Amino acid sequence: MLSLRKLEAAFERGDTLNTNRAEAFSDGVFAIAATILVLELKVPHVEPGGLSEALLERWPSYATYVVSFLTIGIIWVNHHAVMERIKNVNRPLLFLNLVFLMAVAAIPFPTALLADYLQAGYDERLASAIYGATMAMMGIAFGLIWAYAVFSEDLLHNTIDLHRARRSLLIFAAGNPLYLLAIGVSLLSPELALAIYALLALFYLFDVLPPLQEHEGKHG
Amino acid sequence: MLSLRKLEAAFERGDTLNTNRAEAFSDGVFAIAATILVLELKVPHVEPGGLSEALLERWPSYATYVVSFLTIGIIWVNHHAVMERIKNVNRPLLFLNLVFLMAVAAIPFPTALLADYLQAGYDERLASAIYGATMAMMGIAFGLIWAYAVFSEDLLHNTIDLHRARRSLLIFAAGNPLYLLAIGVSLLSPELALAIYALLALFYLFDVLPPLQEHEGKHG
Amino acid sequence: MLSLRKLEAAFERGDTLNTNRAEAFSDGVFAIAATILVLELKVPHVEPGGLSEALLERWPSYATYVVSFLTIGIIWVNHHAVMERIKNVNRPLLFLNLVFLMAVAAIPFPTALLADYLQAGYDERLASAIYGATMAMMGIAFGLIWAYAVFSEDLLHNTIDLHRARRSLLIFAAGNPLYLLAIGVSLLSPELALAIYALLALFYLFDVLPPLQEHEGKHG
Amino acid sequence: MLSLRKLEAAFERGDTLNTNRAEAFSDGVFAIAATILVLELKVPHVEPGGLSEALLERWPSYATYVVSFLTIGIIWVNHHAVMERIKNVNRPLLFLNLVFLMAVAAIPFPTALLADYLQAGYDERLASAIYGATMAMMGIAFGLIWAYAVFSEDLLHNTIDLHRARRSLLIFAAGNPLYLLAIGVSLLSPELALAIYALLALFYLFDVLPPLQEHEGKHG
């Protein structure tokens, strides 16, 4: 029989994955989630002469496509940067990563929801809040990954300045209150909230992690 | 002409794939199957003011999304752990792996089936049993992969303790009777069965394989 | 201005891709084509109590899913075996490979076509012939890849026995007349043709390529 | 507080990704975008005996499938060739690459649009112009990637002849005016424009980049 202690040990045991494999799976989820966004861009079926108007009416579909694609793509860049600083991935970290990827993979759903209800012109406040909530969940899970790595004994590369790594958590987590703010703004103006979502994607373009120093990345 | 003997030899011949390639294909199937689960989360089209209710009614879609995503993700972790212990992949093993992946790739179908009929409020017992049967098929194929590797002469890494590896088959296969149990529970309460499916995913989080010992994984 | 000669030279120039990259892209197409087959398994929407019958009626969907998944998976194994024997990939070979992948990626379409019309109970002969024609196109493009590599001066690994490689083309191409036969059988019995398609997938399980000899694969 | 200068520094800081990772993500997007094109090939549902006619009527679906698949596949080859000449990827380059991939990933949408309206027999001029505009956006973003790399100090491999690299930009960008031409032709004859799109894909088959010289590619 498996005792609870043994289970705990089996769960936390140092039989770690090297990060290459975890990244390969994550890369797959990022690339697929970003690319199937296009499946939500439906071809309108209209009477002769009605195509241009029908396409223009669907501007929310294109706007949300761009925001979601850039968000996923930029989060991918940061996910890579985090993984590059992690030496080994143990099972708790893998589980956190799975929860994070579950939020990333879900993005096409709130994207389609927001696009459809912005176009419908009603219930778009709720749709925008759900979009923001999905992004916040992703941001929180991502923050937990980095926090877990930073506060573990053995997961970071030795060349990382641990003090700076821990301080970076602050800026790292800064996106999340902004997502909460955008959820609030959703209730006033979903269009403005969408603009904030776009700006937040760009915000994540900036690199806030401690450098890898001499050590030039594990792939080097 | 090809004689039957030659065919057998061609089939079992030691012209093995290294596991990296088999893993790359498998990773792809895992990542895609998990990520296209989101395509089953349909945007409801309702009258003004009806969105929040329509979304809440669809709780089975979100619950089954989470259970299926975690199951696929955790099975991926274990698949990797198995592959890491295998030195070479011959054609029978590749074929077993294909059958296993065919079950993994099918998961979005019973997931959508269970979500739709839990929401409909009828025929959900059958839908839940089919969900469990798909999971059991996956579990059985996965068990066969490990059993085949463990009882072959030449497929495991030399550093693996063969005795422990064979003993691990028992725990390894323990998920399958539990899936069968959940199929039975489906006939009483599909909601309870879904909870068991979720617990089974978490059960697979625990690492029951023999360690790789000194040898730190083939990628090391 | 680019002269035609220069174009030819630019096209055939030895600025080759190593096969790893071509394989990564091909693997992606194989894995995605196989995994999105599941999207053709539609959930039936029926009256209470009607689910089991509705699911049983859809046996052609499951049968074609299995045949197409195994075909793609097994062709993937063989594609890998071919790529492992090729040292470099030049642009004509890349183009052949693209045409081949275009046929692989198309498979979900004739699969859905055959499933829907086998279930409909009419026009299934045509659907089955189109299924076979897609498979034959894939087989022919695959044969051309191997033929091109074998008859080029510089593309095969040096350890390959060129004489055996050329002779292997015969067996390699043997699947194609069988696909043509199955197209003919489609006109008599689409169900029998489907059985032949299944057998042909298994036929490709056998390794007919010349061994890599001492040289243990480029990844070794 | 982050000052603007610090933001700029964080954005441009030399904490570069090696190109392998950027390529892995890009490969995923290319492979998925190409493979999900098949999801736009809808099975027609017709009366008994009507299948062959219904399938023939849909020739635009097959023609656009072939053109889009080949375009994506060939652009992939060229993207690889560009990445092979780049040593490191910094954040501005990653962002350009994301914008480029966003256009690649969008291709299934104008493909379905053009197919549906060529078949409908009206509004096909607009659909064809939108198809061309998507391709032009992709081409322009791709040109910017190469231009950015060529005019940066530190991103190209040292063995690349910088003079030839800069000159190659001219031919590299030559596809874009041709896409603009095809957009114009769309207004006269969408079928002719489609033929030009096909020819442009083939045009990109030719390798116009400076050779890697002695240095045989970073993967060698």
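Note that the chains are named A, B, C and D in the order they appear, and that numbering of residues resets to 1 at the start of each chain.
Here is the rule we go by: a contact is a pair of C-beta atoms (placed from the backbone, for glycine too) under 8 Å apart; a residue touches a chain by one contact, two chains touch by 3 or more.
Note that the structure is a prediction, hence the values are computed from the model and not measured.
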Partner chains shared by chain C and chain D (touch criterion as defined above): none
Interface composition of copies chain B and chain C: same or different, split at half: different
Euclidean distance of C-alpha centroids - chain A vs chain C, Å: 35
Distance from the mean Cα position of chain D to that of chain A, given in whole angstrom: 25
Shared interface positions of chain B, touching two or more other chains: 24, 28, 32, 36, 39
Arrangement of touching chains [line / ring / star / complete / other]: ring
Contacting chain pairs - touch in the sense defined above: A-B, A-D, B-C, C-D
Chain D partner contacts - residues on chain A that touch it in the complex: 23-24, 27-28, 30-32, 34-39, 41, 43, 45-46, 48-52, 55, 65-66, 69-70, 73-74, 76-77, 80-81, 171, 205-209, 211-212, 217, 219-220
Contact set on chain A toward chain B in their complex: 2, 7, 10-11, 13, 15, 17-18, 20-21, 24-25, 28-29, 32-33, 36, 39, 91, 94-95, 98, 101-102, 105-109, 112-113, 116-117, 122-123, 126-127, 130
